[in-house]
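A single structure is presented below for examination.
First chain written, first letter: the chains are A, B, C and D, and each begins at residue 1.
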Amino acid sequence: MDNPVAASKPPVRRPDKTTTMREAIAAHVTDGATVALEGFTHLIPTAAGHEIIRQGRRDLTVARMTADIVTDQLIAGGCVRKLVSSFVGNSTAGSLGELRRRIETGQPEPLEYEEYSHYGMICRYLAGAQRLPFYPLRSYAGSDVPSVNPDIRKVTSPYPGPDGAEEQIYVVPPLNPDVTIVHAQRADRAGNTQIWGLTGIQAEAVYAARKAIVVVEEVVADEVIRSDPNRTVIPAHAVDAVVECPGGAHPAFAQGYYDRDGEFYRSWSHISKDPDRLQRWLDEWVRGTADHAEYLAKLGEETRERLSVGEAWSQPVNYGRRQ
Amino acid sequence: MDNPVAASKPPVRRPDKTTTMREAIAAHVTDGATVALEGFTHLIPTAAGHEIIRQGRRDLTVARMTADIVTDQLIAGGCVRKLVSSFVGNSTAGSLGELRRRIETGQPEPLEYEEYSHYGMICRYLAGAQRLPFYPLRSYAGSDVPSVNPDIRKVTSPYPGPDGAEEQIYVVPPLNPDVTIVHAQRADRAGNTQIWGLTGIQAEAVYAARKAIVVVEEVVADEVIRSDPNRTVIPAHAVDAVVECPGGAHPAFAQGYYDRDGEFYRSWSHISKDPDRLQRWLDEWVRGTADHAEYLAKLGEETRERLSVGEAWSQPVNYGRRQ
Amino acid sequence: MNAGSNAAVTSSELLAAVASRELAGKNTVFAGIGLPTLAVSLAQLTVAPDIEIVYESGVCGAHPSHLPETIADSVLITDSEAVLSMPALFGYVLQGGRIDVGFLGAAQIDRWGNLNSSVIGDWHAPKVRLPGSGGAMEVMANSREVFVVMRRHDPRSFLAELDFCTSPGPDRALRDGIRPRGAGVTRVITDLGILARDGVGEELRLVATHPGVTVEQVREATGWDLAVADELTTVEPPTGAELRLLRDDVDPDRVYLR
Amino acid sequence: MNAGSNAAVTSSELLAAVASRELAGKNTVFAGIGLPTLAVSLAQLTVAPDIEIVYESGVCGAHPSHLPETIADSVLITDSEAVLSMPALFGYVLQGGRIDVGFLGAAQIDRWGNLNSSVIGDWHAPKVRLPGSGGAMEVMANSREVFVVMRRHDPRSFLAELDFCTSPGPDRALRDGIRPRGAGVTRVITDLGILARDGVGEELRLVATHPGVTVEQVREATGWDLAVADELTTVEPPTGAELRLLRDDVDPDRVYLR
């Protein structure tokens, strides 16, 4: 087994997909598009959502399993025509004022809402990523949700059920966003993206999409990624743009980088309850900041200190090297 | 966020599932059972296969995507009535003599063979792990395989296809082994199992099974596993027995522990070509050794030295700690 | 902070202690943050030392340094035994049938244990838009059984007719032509007592009341004609040992023991 | 070991060089070990510097220290960019439509590019039991197009009628009532020349012969009445630069350049 590749071999060239948040959103998020923003409580792409508001996108269909603060902000920012989701709430910290107003009163304009369960959304991404016409799941039997969502349908299994009788099962259709945006801890310039802690549905949402933007805490050297290829949750071939944006998940957290801003979560119920106050908040914190760096500066050193985390390092593993 | 759990809190008790290979096979592999042995070239559970031969199990249905040397040995050992697989070959190194004899000549007795493609097997494990009645896939259209495998069927999608017309798709049924056996680099005593390098279909094969045996290079302290929970491919709740068996994948490799024994792979074509020589090999190396430690001792220091690997450590990541 | 066991028993302590006892003999629990966490943590120290909590975020075998604020709290991840992707968690663990007991809450429940967490009023023009299913529909469809903990037992929550059924029990599934996999809601633990049912075809009936609570009180707080078990018992209040464990070990800073 | 470009061109060098040129403009290739690896490695150094090989084992962006012996060789994993699970590799990458070109081999091929890798003879009582599909069926069904490299062009492999169709092209899929996603086999590169087809409804036709090979030779080596392109060309032999790269950089120890 002594066949070392010649030391003279030129390194394989890797494309550089790094860009700015402004350019990534301008290039890939167009009016009327279907945009998936994923991250299950962890690594929420807040900064990308803010840039969509700054650029004044309209008529978006937003897909997001846990529609929380950034979704409420996008709706209040006038960007969203339709929401596809399985949980509309401000985590454990209260309500989404704008979303509730739109759905409960239709004011200032109605919001189309497509309701699923979490696994329904997961299976839609799974079908999308796998280019399947549908994905079967054991949810929805007896639920009222299919009565308000005609895209949830039934299929008869071609195999007999456990009792020998014909078996039916619900299915959901694929979700193929025009663009999926996720936040991650780190990536290389080609887009190999590593996530630890909660990894959620990010890989499937990216593979299901026509285009994918990965926002990261850090763009790192190829060697860092390649020291641990199993940590790569999203490979470069599925990524179109890499944006370095430290702190871009605030008020959500990034495992090992900063903690969740519980105070902000709790304050959102109050901010969003009053439509005027909510618009003032957007004017001040989003429309009034040039980019996420300004937003973070405005947030201040004290908040960032409060959210800082200590160290808990993984023990390394040996990938081995042929000798 | 200052709510540290009291230092006095007693540690959560974790069950100890460690046992010997002999006991694990005796307890979980019974005559006539369906046994999945998975590991895609990497981490093949060879030592477990040998123990099944030593214990003289009969009439097994063996499921294995890449049926290779250990499968040929199990067949020659008289353990297998039926094989469910998607690739029957000795990697790139030649033929499986016993398997070919059984299928081509029916001597010394015929072998039932259920043929799938790789993704067909993957989808069978996916359906099994997810307790689905079937799993759809875009393979088999126009293939002769469904004509010799009536379990591969079709379903009509309840959504119109891209051209607006009705769309059909092939499906496979779930595979739910009585027991799945996999090999891994390390686990804790409760069964939290970490794999790096090729992770294959191991998690799905384990979740699809009624019982699961994990054979590992090392049983490690809880703290090692818990320093990197994303590395855990199979959680404890899916594992029934943990067997420490260093070198248990030989002649396959264990990333970071030892390399593939290419010489042995190449020799298998010759060994297995002659049924008498093959039985003598089994007598000497399997039936004639008490356990895998004896097999390894017989293999010798020189071979183990030849297969040893150098170091290529992953860079650690910070999981963070609330302060 | 270490309150002695003489302090008055709070509603949270009562519900947590009662729920914990029902976990004897169970191996895996799907639980949210708050009361379910307290109940399972107490069970780990008493009746079910090997029990494992699986969180909707994908965390298995958490060993948190602080009490978690959400099911996705970073302290649940650091030092945990495994973190699963959403497809693995919902597909292999939940739908795969690996959960013995799922804990759920809801805005509305009916006599069959069907749950509504979507809307108050008409779905198309709701009076209140609630969060929706999240994973509740999957917990209901796939856990062997489901425990519901309701802090307030009143007719606004215990309804003869749900405004909308988000997470159906097995009887509704059967009527939809689909064979259910789990028993649905088997225990409803409230501030008034315990309702129970065994599975398909059975409705919830009152099996126990808290000390001082009358059957009539419970029936009045329930929006349907509540059946009462022949052998109605009185709930044993939290023992001194249970209270000490809850207060000193599980939640010394009273994050959830309100 | 560094042979100069004057040494006689081997069949492997010829096939690898010819196949590499066909990869201009492609981004992702699904390739096995051996000739396809050589072809893609050469393309990375010439016509397609950004091209990525995805291996059936799940490895993406390999940077091997030694030439790999199998698609699962440990040297492909160490220093690679990503390692995918089987469900991700086959589901998201292959069936997800992320592969531009899949490389396949086979024991038998017919005029539509359908492939047999299961049996010689009757499936139920085969003369020779071959390995079977592996992932070949999925590569065929899901790649935008498929290249087949055959070291020996003879009538035993190029058949009018396959003994068994393991991996069908799009025409067979259509007849089975299923709309194919890819074009199927678009190039067959052999020791005699190049056959090509564009997609559904087209059969393979001879588009180029190697220097010194006649059309009649190729037609005799083919088990069906092989169509010949109007503009038949002669394959340009490996250039000096291609040979130098293959011999000095890609496979200096002649692992696959037999």
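In this text, a contact is a pair of C-beta atoms (placed from the backbone, for glycine too) under 8 Å apart; a residue touches a chain by one contact, two chains touch by 3 or more.
Since we're looking at a predicted model, the values are computed, not measured.
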Q: Please give the intersection of the contact partners of chain A with those of chain C.
A: B
**Q.** Far-end chain from chain B, centres as C-alpha averages
**A.** C
Q. B-C or B-D: which has the larger count of contacting C-beta pairs?
A. B-D
Q: Could you please state the distance in Å, as a whole number, between where the Cα atoms of chain A are centred and where those of chain D are centred?
A: 38
Q.
Can you compute the centre-to-centre distance for chain B and chain D, using the mean CA position of each chain? Integer Å is fine.
A. 29
Q. Taking each chain's centre as the mean position of its Cα atoms, how many Å separate chain A from chain B?
A. 34
Q: Can you tell me which residues of chain A touch two or more of the remaining chains?
A: 1, 126, 131-132, 137-138, 161, 167, 169, 196-197, 199, 203-204, 227, 230, 255, 259, 262, 309, 312, 319-322
Q: Provide the list of chain C residues touching at least two other chains, using ranges where the numbers run on.
A: 59, 69, 74, 77-79, 83, 91, 95, 142, 181
Q | Chain contact graph, described as a line, ring, star, complete graph or other shape | A | other
(Q) Dump the list of chain pairs that touch, please. (A) A-B, A-C, A-D, B-C, B-D
**Q.** Complex interface listing, chain C residues touching chain B
**A.** 27-28, 44-45, 49-50, 52, 54, 59-61, 63-67, 69, 74-75, 77-84, 88, 91-93, 95-98, 142, 181, 248-250, 252-253, 255
Q) What residues of chain C sit close enough to touch chain A in their complex? A) 33-34, 56-59, 69-74, 77-79, 83, 85-87, 90-91, 94-95, 114, 118, 123-138, 141-142, 164-169, 171-181
(Q) Which residues of chain B touch chain A once you look at their complex with the stated criterion? (A) 1, 131-138, 151, 153-159, 161, 167, 169, 171, 173, 185, 194, 196-197, 199, 224, 227-228, 230-231, 255-257, 259, 262, 308-323
(Q) Touching residues of chain A toward chain C in the complex: what are they? (A) 40-42, 65-66, 85-89, 91-92, 99-100, 103-104, 115-120, 122, 126, 137-145, 148, 161-163, 167-170, 196-201, 203-204, 253, 255, 259-260, 262, 309, 312
Q. Which part of chain B faces chain C closely enough to touch in the complex?
A. 1-6, 8-15, 126, 129-132, 188, 190, 192, 203-204, 207, 222, 225-227, 229-230, 232, 235-238, 319-322
